[in-house]
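For reference, chains read A, B, C and D in written order, and residue numbers begin at 1 within each chain.
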């Protein structure tokens, strides 16, 4: 468990970070729950520590809050680490990590499009998959839609 | 295609070229907005979502088994690999042990599908560069492979072969012989492919040195699969972060250094040979046994989440699955290799001649079903 | 200049090598199946149009348990069930499958407890209107 | 050609023996139309691969005079092969409008027939016939290439029943 070392280091450095319910995560990858304002700094730290590959970025709606999940990997040592952020459902805002990992560009746009999470600092945040002018965010659990002429 | 002229900030006339969504060479319904200065691209902007079917939302209203059936339609060229990752994720949540024979059958099917995908890549890439014969040859071999799939699972494209805890059907009589013949035939056909396309000077002129992707870009843009390995990073999830029983098989991870279109093409041709090698080994190792573990009829994994990575022919195919203890997944997110590999287009198309767009797009090997989901 | 000519010659040679491959297949038997006249062999496990089986006397085996309809991911199977007063058994008065929507996944066949729902190797279903793809009992039940 | 074909039936009807001319003209025109269906290469999703297979070596749609064209201006048949999404629907309509008359549509596979596996999706059009008129539906998910050939044969049957009397004025006043 090499990644645990980084986890403890981060927990010491950034107050408010904690382990994210390890009993929920079945694959045994250490996960970190961090407060939204620190995210950019933590990711910056992780990148400097050798987590050079962003495997995946996605978001989930947990009815009371939104959760953004980052899966990082250090390709040389094959150490994996998950970072989770809980966001307010009404006004979800999270610093964009696209300046650090350009590969996060479309994944953040996808989260913006389908779950309505705002990423300040993103170079070009606009909808990606849905047509222009689509109302609502389909991946939210309470999404409902009026039938249109195509239904 | 619509064309119009715009003036950029220095007063030079540029042209906006709208390529797609209906274009014979964009591999589906991809739209590219290209700003051109003469023949050179100043800015390229891929516009996706023309095949966005909302599959991640639909997954939340389907059972786990139905989700495996739906996963055939994520990337319809590599359905078996999609089945594989979905089944693995559910099994990780459930914590079931898979019988040995089922493991081998899964790998056999996944590798056969890798062969099919790379044959198709060969055909379409050569077609994009102007060689029609290659596509006709490619589809001839693909039909042979599809016949194998059809005899096992009863469909040509949407297999729905994997079950939670194993596979749905055992091999029919004579399959091993037929598959062995297919591997032998494929080996001899690969020589034809090399004579026909790889050694062709026109083909090389149009692909060598075109669309270089550096190592740094690969990491920054999280590229994966053959695109990554063509740029000199030796990382294959089957070897480095192994899953299922891949560690029992002996195969190489080919690497190329230049990262141009030709290297990405060669990567697939080399991987195809490795996949054939794995198929041969599986056919020898297969032993009679159970093909389905004991799982409840209605699958209700305990609450939790799992992230499973696999190596699909297109790259790193991963699934993030959240269960809340009911019969339907709470959230299913696919890390689609095509979706993430496609992002690099914005960067590498800048400064490229418009004739090379198709070559570069073809060499990345995307399926729009997976890009848009 | 020399390199230029050399390249042309090399290109010409590679062209000849490619032509040799095509020439090799020129004299072989064509792979094309002349479809309407000769048909390809379909695998017996082919997931085609659904059929309902009957027993030896021609009585339907289906007892209207509705499992196939519930398990169908696209809900293309619908049926009406009644209780036959003669032998006090459940039976279906109508059994409709919308093949316009069916995704041919085979989950219904696997779930059928009576094993009376089967896929046939029949794959041809074309029609001029949507309703032509909705098949009822008259087409589905195999006596 | 257009005016000649549009007006000829009404003029010919007034002459003795004109009916024979019309029927033989019908036969000839329908024969040539039915055997040179040029489809637009319009692949959307999974079914596109079965459509390409049907065009390739094993099935070879060229035998039926079906030869894919990359632009709608040269095409008179469109295979809607795959899922039509709401983002794509206006584009399909535009492509269809660009095709010259007479034009035919084959809806291929469950997705384009009724929405199929995505029947309850927020982003999918529930059947191509909500956007453009469909002549032949081919069922399957995806249909085998043989099934697609059956669909083309069915379309040819439909074309062969057509008459030039349905052109021009009849079409306008219908």
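Please note the rule applied: contacts are C-beta pairs under 8 Å (C-beta built on N, C-alpha and C of every residue); 3 or more make two chains touch, one makes a residue touch a chain.
Since the model is a prediction, treat every value here as computed from it, not as a measurement.
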Of B-D and B-C, pair with higher C-beta contact tally: B-D
Gap in Å, rounded to a whole number, between the CA centres of subunit B and subunit A: 25
Whole-Å separation of chain centres (CA-atom averages), subunit B against subunit D: 32
Where subunit A and subunit C are represented by their mean Cα positions, the distance between them in whole Å: 42
Multi-partner residues of subunit B (at least 2 other chains): 49, 52, 54, 57, 70, 140, 143, 158, 372
Shared interface positions of subunit C, touching two or more other chains: 31, 73, 103-104
Residues of subunit A touching at least two other chains: 130-131, 138, 143
Touching chain combinations (by label order): A-B, A-D, B-C, B-D, C-D
Residues of subunit A touching subunit D in the complex: 130-131, 138, 143, 145, 148-151
In the complex with subunit D, residue positions of subunit C that touch it: 31-36, 39-40, 73-75, 98-104, 123-130, 132-133
Touching residues on subunit D, where the partner in the complex is subunit B: 40-46, 48-50, 52-53, 56-58, 70, 72, 82-83, 85, 87-88, 91, 95, 117-118, 120-124, 141-142, 144
Complex contacts: residues of subunit D adjacent to subunit A: 86-87, 89, 122-123, 125-126, 130-131
Contact footprint of subunit C on subunit B as seen in their complex: 62-63, 65-66, 69-70, 133, 140, 143, 147, 150-155, 158, 160, 168-169, 172, 192, 195-197, 199-202
